[in-house]
Each structure stands twice: as C-alpha cells, then as structure tokens.
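See the structures that follow.
Two complexes, one shared chain (chain A), two partners (chain B, chain C).
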Partner chain A sequence: MTAVAARAARVLRRLAAMAATLLVTSFLVFSSLFLAPGDPASFLVKGRSAGPAELAEIRRQYGFDEPFLVRYWHWLEGVLHGDLGRSHLLHQDVASVIWSRLPASLLLIGVSALMIAVVGIGSGVVGALRRGSRTDRSLMLLVTVGAAAPAFVAALLLRSVLGVQLGWFPTIGNGTGLLDRLHHVVLPAAALSVTFVALVTRVTRSAMLDELRREHVEVALSRGTPRRTVIRRHVLRNALGPIVTVSALLVSGMLVSTAIVETAFGMSGVGSLLVQSVDQLDFQVVQAIVLLVVAAFVVVNALVDLVHPLIDPRTAAAGSAR
Partner chain B sequence: MPLLEYDALGVTLPGTARPILDGIDLHVGAGEVVALVGESGSGKSVTARAALGLFPAGADITGQVRVAGTGLVGADAASLRDVRTNRAAMIYQDPRAALNPVRRVGDFLTEPLRLAHGWSRNRAAARAAELLAAVGLPDPGRHLNQYPHELSGGMLQRVVIAAALTTEPRLLLCDEPTTALDVSTQAEILAVLGRLQRERGLGLLLITHDIELAAAVSDRIHVMYAGRIVEAAPVADLFAAPRHPYTAGLLGSSPPLHGPLARLTPIPGAPMGLLESAPGCAFAPRCHFAEPGRCDQSPPPPERHGPAEVACHRTAELTAPAANAPAPAAFHASGKEDS
Partner chain C sequence: MSAHPAHPALAAGARRPLARLRVLGGGRLRRACLALLTLFVLVALLAPWLTPHDPTFGKLGDTLLGPGADHWLGTDQGGRDTLSALIAGTRTSLAGPLGVVVFSTLLGTAVGLFTAWRGGWIDAMAGRALDIVFAFPALLLAILAVALFGKGMTAPVIAMAIAYTPYTARLVRGLAVQEKARPYIAAYRVQGHSAPFITVRRMLPNIAPTLLAQSTVNFGYALLDLAALSFLGLGVQPPTPDWGAMINQGQAAVLQGQPLSAIAPAVAVVLVVVAFNVVGESLGDRLAGRDS
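Take a look at the complex of A and B:
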C-alpha cells in the first residue's frame, strides 16, 4: 500500500514539475518574439501606405499597444482555453491551422521513430555483439557518416537517387489515402532519421558493451542459459535505460527537424508551416508551434522519467528514499 | 569416477611470460570438500571457472577437466550446457554482482528450471521457495518477488546458494563465497554451505585465500602458487607439518583460529605476475630456503612425501627429522595444537 502511495506521490510531483516547466517556457516563448526584429503592425499593412495614425489604430485593434504582461496574460488565458490566436496571414484560427497540419507531421515522425528504433537499435546490437569485426567496423563507419549528414543533404540524396533516378518513391507532396500517404512519407522519414539512427546506434552499442562486461552476464552463461537468451534477458534488457532515454528525447525534438524535411519534400505539415510563418512574420503561428515543440519535449521527458522505474527498479527505490 | 577431475590442465594467454595454469592435477569426489588456497593471481579462480568450461578468451588450453566424466576442453555446446545446468554450479564472491539488478530474485532462481527443463512458472516458483527456505531465508514467498537491491549481502549470498542448487547438481564450486561478506555473516554462510554439502553429499571445491577458513571446512587442501599446485595434503597433515615453504609461509602469516596468537610472519616480496617468469621454482625469489644453483634452475616436479604431494626441490632435507640445518621456528609455528 505504501509503495503504491509513494508511486502516486512521485507521479504527482512529476506532473507538477511538468506544469511549472511549461508555464515558464510559455513566458519565454511569448517574450522571445518581442526580441525578434520587425513590427507586426507595419507587416500587416505591407504593400499599402499607412500613416502613423493608421498604424496606431491597427496596434490598438490587435492589442499590440497593451503592456507586455497584460498581453501575456491574455495570450496564456487563450492558450489554456485552446485558443491560440488568429493567424494574420491565413485569416484562420491558429489552432485549426495547426490541427489540420499535425497529422501529416505526426505520420512523418511516427515512421521516422520506427526507422530509428528498428535500424538504430538493431545495428547497435549487431555492432556490440560482433565488436571489432568487419560488420562492426563498417557499421561504425556508416554511423559516423550518418551522424555528420544534415537532414537536407540526406533529403537531396534520397530524392535524386531513390526518387528521381530509380523512381521508387514520390518526391513531392503528402499523398492521399493511407497507402499513398505512407508511400509519400518513406523518403522524408528516411532523410529525417539518418542522423538520429546514427546516434541511437552509437548509444545502443556502447550500452550493450557496458552490460556485456557485467559479471551477472557471465554468471547467467555459466548456469547454462543459452547465449541468445542471455543477450535478450540480461544484456539488451539492462541496456534499455540509456537507449529509451536517448531515443525518446530525439523523437520529441523531431518536430523542429520536420521543418527542413517537409520543406525539402514539399509536404504540408507543421514543420513547413513553421518555416512559412517565420518567413512571413506570422507571430501567432510561430508562438503556437514553438509552444507545441516545447510541450512535446517536456511531456516526453516526464514520460521517460515515469517509465524509468519500470526499466530499472533501483531508480524507484532511490526516488522514494528522498 | 570423481565428480571433478583436473588432468594436467594448462592455460596460457598469448603475450604473457608464464602460463596462468600449469599442470593442474586435482580431483573432488562425492561428499568431499577440497580447498584450493593461494594469493590473488595464483590462478585459483581460473581453475574453478574451468570446471564450467569457462576459459579466458583467446587462451591456449592443454590437458583436460572432467565433470562427471565429461571432458570440458574442446566440448561441444550441448555437453557444456548439460554440465552447466545439471552437473555443476558456481557460488560467486560478490552476490550483488552475480544477480541481474533489474530482474527479480525469483527470475534468477527459476531461470535454469524454466529454460533448460521447461518447468511451468508455478512449479519452478514452488521449488525456488523450497530452496530459499532450505538456505534459511525467513520469507521465501516475499523474497521471490523482491529485487536484489532490496536484500542484504548475506541474504543475497543465500539466494546464490539456493540458485546453485535449483537443478540439483552434485558438484558445487565456491569461489571465495564469504570474502565479500561481513564477519558474522561469513560464519552463517559457511554453516549453510557445510550443512547442505553434508545433507546432500555434494562434492565441493572451495576457492579461498584464507588457509584457516579452508582448514575449518575441508578434507584436503591444495596450495597454489603462480599457476601451479605446490602442495596438496589432508588438512590435519598440512597443518601439523607443512612441507612446502610457501605453505609454511601462508600458515605463519595468518592468525590461527585456535590457540595462542603468535607473532605473524609475512612472506617477503610479492607474488609473480603473468608477465614475469622464472626458470626454476616460481617461489624461489621469496623463499628463505632457496638454494642458488638448484631452486632457480628447474621447476620442481610434484613428488609424494608421506600423505602429501609437494613440488619443492628441498622437501626431503627440510622436513627430515634429523635435518642438519633445522628449519627456523617460523616454519612450523602454526601447527594446530588441537588437531
């Protein structure tokens, strides 16, 4: 019973910390846009001539003339009610703009995450088990190249080889219908995951090597447990901590990276919306997307923290001992 | 047929000056407790691991180790697994390192039963609980669901002992089973091991650096130095009259369990590393009795002297009753008064 209570207390504490982090970051996100150059009022009248009186009127209408903290409060109130403001550019609610773009980006991130997990963890495990072999060395070479390849370079390469020359995959757009969408998302997802696969491979390999050295692994082998089972139950299982942490944090930060890939592949998603909005000084949209990025990061972080005691029971003990 | 038999086992790592093990001959029968005593680096742990077919990676192996008649040098995977799951089990020095920290105690205990013997979860758990009770743990059902970090070192070592017994092997290999524990726990663990060994008629190979501990529990003692067995004798004989100067040195440098505490005499110098070698007796550089021109020329072959087998060029002269050069007092200082 006390263990359950302790666990509940830990979860609550973590949720409170998460809310506090989100509040602080929302303030930073809101204020950071005031540091950016450019006046939204003069942007709104772009192309037309406007006198100081008209500009002042626009500022009053949009609330640009109110004190900073008041504006923040109004904005925060709106956000908490699901109102992210209006896009000056698209003349739509920011929430509905993002909502319509989100599925495409989530599909992209989901497929990338799958690629990262399968290819990254898989090649890390193979590298660790065949340490020093030709396979291991070529994997490590590929990983070094992959880690150094920016997503836009990978995107260009994949597009020209697999898309244009071989014609296996479409090179532009989102596609319609599930299968077509998946077909369209393969190349962007691959471009997006190259760097991350490399990182996860490295982390997996070194975590596996650390665990392979542990005495309990030799003990398990000395008790006649088949090697394959020992690798699965005692080596990979124990290496999961760093692998899960790194993979989750990488995936949670991927919303930002979709900006490059979606633009490169002409996809319509949150990433390309971000690029477009920054370009056009559509402040409300930028604010909302940045807040979404931060929220994804904070939430995944908290999830990782909450999952950790399941991966390593010793962390639960350390947490409740405090 | 002995449960465990070493037949001139030699293990050499490439790039080292001397073998890790050189001509190890040793056997353990059913119901017998044999101790292998030596300083760290003498090769006693490598010897014990060899009995499970675990050799250092890349080592060059000569001779043979047999467990219940199965040769382990050059054995195929199936016979290795058979020996490891059914014939022999090891009890390790540090129980905290021996258990996977993220799996439950029950998983550790039941793993061989479920994987190798295909027992159901419940049947294996019942057997594990029985064994935990047999090693004197108060609350077996609860311990099965606990993680290693929730148990003390002494409790964990009992778990390791129980785990060694799950598949009812006839042979136990104990590698410094009490070294990582505090003193009062050491005595309890030894008592548990002794009881189980007698009740079940197990053969037991005890690896230890502590010659007094070895004497307290074993029938025979083999003393190792730099990869060789330098003296092997029944405990009483070894204590009454150590025939190898190294054995005498070990006895003189450890406090006796019984009788008055005499002044301890440390053995001068340090044990020989793997990168050093000597053409003669490996102990000669540290030996009071080394005779230049003889002890440092060729390694002494093991020879029988009374109840003991000794590898020393000078055993005959040094232990003869009317030796012209009487051994210094330290040589026989720790003879057991009550044995």
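Take a look at the complex of A and C:
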C-alpha cells in the first residue's frame, strides 16, 4: 500500500470510529429522557400544568406511541437537520435559543483558550528550562494549587479582588459592543482558565523535560547549534504532540465549566442556559446542550488524532507500521 | 518479574503489598497534607459537637457581621455563623465524594478485573463502552441526572460514580493484564482455583496500592465536581450546610464587600483538594519508584 493510500485509509477509519461514537452517544442522550420517573410526555411539561390536549399533542409530536428505535430515528433525523426540538417553557425552537446564546460562550471559550495556550505552554517551557530553580519550584506549587482551584473559587476570588476591591473589571453581565464585551469577558475567561493552565503547564513541562533528555538534543547542542534554535525546533516541536493530545481531553471539562463561570458572572451564554434550564425543568434544552457538548468533545478528539501526524510525522509512520 | 516466586506458598509476599505502603513517612508536604485530611475527617465525624452556633439557621439581627469574638469567621446574609456552617458542611462535602469514590472503585475494579481475565472480544467491547462513557464529563452527567431526577445529591452521586468508572476500570485492567502474565497466577490456575478466587483474593491485593492512589486523587476531583454542582444550586439545597452551596449563597455578599462567608468554604475546598492530590500523587510516585 502506498503512503497516500495508507494515510487515506487511516483518516477514513478514524472518521468512521468518530461517526460510530457519535451515533452511540446520541442514542444514550436521547434515551436518557426515558430514565425519568413517570410518563415522558408529562415529564417534558413538568412544572407547569398541561391539559390532556397538550399532552396528546406532545405524545404525537415525539412519537411516544411508536417503537423506540423509530422514535430515535426521527429524532436523529431532526438533529441532523438542525432541529433540536422545541422548548415547552420558552415556546421557541431549542436550536434558535442556543444559537442566540452561542456567540457569548464562544468568545469566552476563545479568550480562555488563548490564555491557556499562552500562559500554560509559556510557564511549562520556563519551568522545564529552569528545572529545579526557585522559579520552577514556585511554578510547580502554583500548579498544584491551580489544579485544585475550581472555576467557581477562581471566579469568586477574581470578582472579589479585581472586580469589587480594585474595580478594574465589571463583575456581572456580558457587555455591549466589542470592546465592552472583551472587557466583560476577561475575568470569566481567567476564572475558566486557571485549572486548565495548571494542567497544561504540567504536561508541557514534563513533555519538554522528556525531550531535553534525548540524545538528538545533545548532539545538536554539541554541533554548535544555538540553544534557542534547539529548544524551539527540536525540543518544543517534539513536545507539542503530547501537549495537543492532552489539551483535547480537557475540552469537555472546559465546555462544562462555562456553565459555572457564566453563572458566577451572570453572563448570558449556553452554559448559564444549561443551568437555568435544569432549574426550570426545561428538559428539551438540557438534552440538546448535553448532546452538543458530548459531540464537540468527540469531534475535537477525532480532529486532534487526524492533525497529530502533521505536528509529529512519527505518529503517522507508527500508525501505518501497525 | 523473574524474582517472583512461582510456588503459591512462597507467594505470600505478594499478598501483603500493603506492607510496602509506609504512607506516614517521607516529605513534609505529604505529612502536612495527611494531617490536614485527618483533621477534616475528624471535624466531619464530630461536627455536631464542634459547631459553636446553629449551622443551619441564623439570627436575623446578626446578618453579615465581620469576624469577631462571638463569630470567628463572621456571619452570612441570613445571620448564620460561617464557622458553624463550615464545620457542619464538612460532612455533606466529604460524604458525596466518598459515595462517588466507593461506587466507582467497586464498579471499575469489577469491570477491570473481569475484562482483563476474560480478554478477547469481551475486553475489546468493554474498552469501547468505556470510551463512550469517557465522552460524558462527570459534571455534565451529574447535571443531566439532576434534570431527570430532581435536585439533591443521590442521583448526581450515582451519575458521577458512573462517569468516574472508566478511569478506575482502565487502570485496573492494565495492571491486571500485567499480573495475569506472572507465574504465580499460572500456579493458582494449575491448582484449579476459580477465576473469582484468583482475581479477587490473589490478584487484587497486588493492584490495591495503585488503585488506592488513583481513588485518592479521584476523591479530590469528585469533591470539586459535587461542590460545583451545589454552587450551581443543583446539588445540596440550602439551608443544609454545604461548602459549594455556601459559596453560592455568599456571592451577593462578595459584591457588598463582605466576602468571608463565601471565601471560607472556598479555601476549605481548595485545601482539601490540594491535600487529596498531593497524598494521592505521592502515593502513586512512591509505588512507581519515582520517590522525590
């Protein structure tokens, strides 16, 4: 088999595995409704009084009288066409509710991801290059505390100190206009980042240390290649593989943490929508958001597996040798 | 590996691996963390006798007092003594993660041992199933459980136990596959011992120390997730004292410049989780021979 064909086969296999995982996870999310105690139709309108006519309409709409797999099939068909059902509380399509909240959450996630990449990889590199120094030891202590500092604690401290005491940043809401929005998102993004910065720092540091110990680094240095070049082109380049892989695993945790951060800062986003919907018993919205978070995690991890050989061609070679 | 005695009578050493665990020795940080955890467990057990005031309801005249002789950590918006709520909250805050860790360790160990022993397609299928569960983050599964079964702690604890199971199952499976290849297992098999006897009574003790290290770290993360749930108002419901719920309730006071009723439980959460992480990881390092 030629290299190109082998690569194409690998990509197709990975995409097929991703599709299979998405199918099973979507089935689980769909089925979860039927775990709820009582009749599913009355569960969906729980918290409000609904007449028998409305219940019959819901039963017909969701096909509760049809066989289970047929129901799932219709639901999946809808989801694939962007139909996430209808909120019985808001009397709106779930997809449009989520869509209107999405930009705020994406901004939060984007700014936070930037912070995680810059601060996490940066301090990991510094720690590895100055291994055992005072800087390294203080960084490691910060990492230990940071990994244990949940988003809600970070949010509390940041709001209390930078928001209330010093008044540098707004403590509530989304803001309007680009600059105001960015100003509003700094503290939430920082709160969201803390745990993940700690984890990425740790992974970067140990991946860098693993690479620094390698022979090829010593050879390059002894040949007179400038240290800076060796670090950048040999050490960091090779360390990127594990860093990216671990970061992909953190995606789902980060998406869920937006619920905490958005709630803490009174932001209007998909995360706070999830919490409100659980609170107000709007199950359709909860189910749709759970589905999106899980799907995002599965897709991101598949993408990382596919992109990995571009970062580190050795993994592609290892993959086709198997 | 070759040093391992083949004869079961000589394999006694393999059955007492806990003797290898001299947890109480070693680094200052580790000892400090162990002491801290012991303290918190004692506080949780003795909570009803330690609280200086009513931990559930406060006096309306005493709202948002600063720290003082009568209220060491001040009071919250309902006039409740923060120290008392903190002490009483130790119980709920530690009981939830305990449930998660016990459930997930039992389930994960069972799955891990079974799949490692059977191997073949059962092992492969179970691996796939665990990958699927892995796509559901623990907190998300807990939130889904609340949406289905209502607020409280029982459903989220069960949901999170399921979410934590793949970590334990994978660890146990990996270790059990290694153990299975060892001569002492072959010796027991030749003697005609049953699979449950060999895996649970003979194999598990050799895996237990690493499992304990993993469960210790898991405890910290489970505590974080459950505290987050209560913070979101979906877990323990006020006025039942709980750290996550206290942080949530204290938020409004933070904006009024009285952050102590929220910061005290936040510090408690971070301290306990750091302690669990340090103890768990040093246990793991020690077992892996990477003692620093």
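We take it that the second predicted complex is superposed on the first by the 282 of 322 C-alpha atoms of A that agree within 3 Å, B and C clash if a C-alpha of one lies under 4 Å from a C-alpha of the other, contacts with A are read in each partner's own complex, and residues count from 1 in each chain.
Going forward, a contact is a pair of C-beta atoms (placed from the backbone, for glycine too) under 8 Å apart; a residue touches a chain by one contact, two chains touch by 3 or more.
Since this is a predicted model, take the numbers as computed values, not measurements.
When both complexes are overlaid on chain A, chain B and chain C end up sitting side by side without clashing. In the superposed model, A:275 lies in contact with chain C only, and not with chain B.
Applying the stated contact rule after C-alpha superposition, one finds that A:311 touches chain B and leaves chain C untouched. Of the two partner chains placed by the overlay, only chain C lies in contact with A:283; chain B stays clear of it.
Of the two partner chains placed around the shared chain by superposition, chain C is the only one that A:264 touches, whereas chain B remains out of contact. In the overlay built on the shared chain, the residue A:138 is in contact with neither chain B nor chain C.
On the chain A superposition, the C-alpha centres give an angle at chain A of 80° between chain B and chain C, rounded to a multiple of 10. By the touch criterion defined above, A:96 reaches neither chain B nor chain C.
Put chain B and chain C next to each other and count what each touches on chain A; the higher total goes to C. In the superposed model, A:31 lies in contact with neither chain B nor chain C. In the superposed model, A:214 makes contact with chain B only, not with chain C.
Once both complexes are placed on a shared chain A, the shortest Cα to Cα gap between chain B and chain C comes to 19 Å. Note for the complex: chain B touches chain A at residues 49, 52, 54, 80-86, 89-90, 92, 94, 97-103, 111-112, 115-116, 147, 149-150, 163. Residues 214-216, 218-226, 229, 233-234, 237-238, 311-314, 317 of chain A are the ones that touch chain B when the two sit in their complex. Residues 21, 24-25, 28, 32-33, 35-37, 144-145, 147-153, 156-157, 159-160, 164-165, 171, 252-253, 255-257, 259-260, 263-264, 274-275, 277-279, 281, 283, 286-287, 290, 293-294, 297-298 of chain A are the ones that touch chain C when the two sit in their complex. Listed in rising order, the residues of chain C touching chain A in the complex are 131-132, 135-137, 139-140, 143-144, 146-149, 220, 224, 227-228, 231-234, 244, 247-248, 250-251, 254-255, 257, 259, 262-263, 266, 269-270, 273-274, 277-278.
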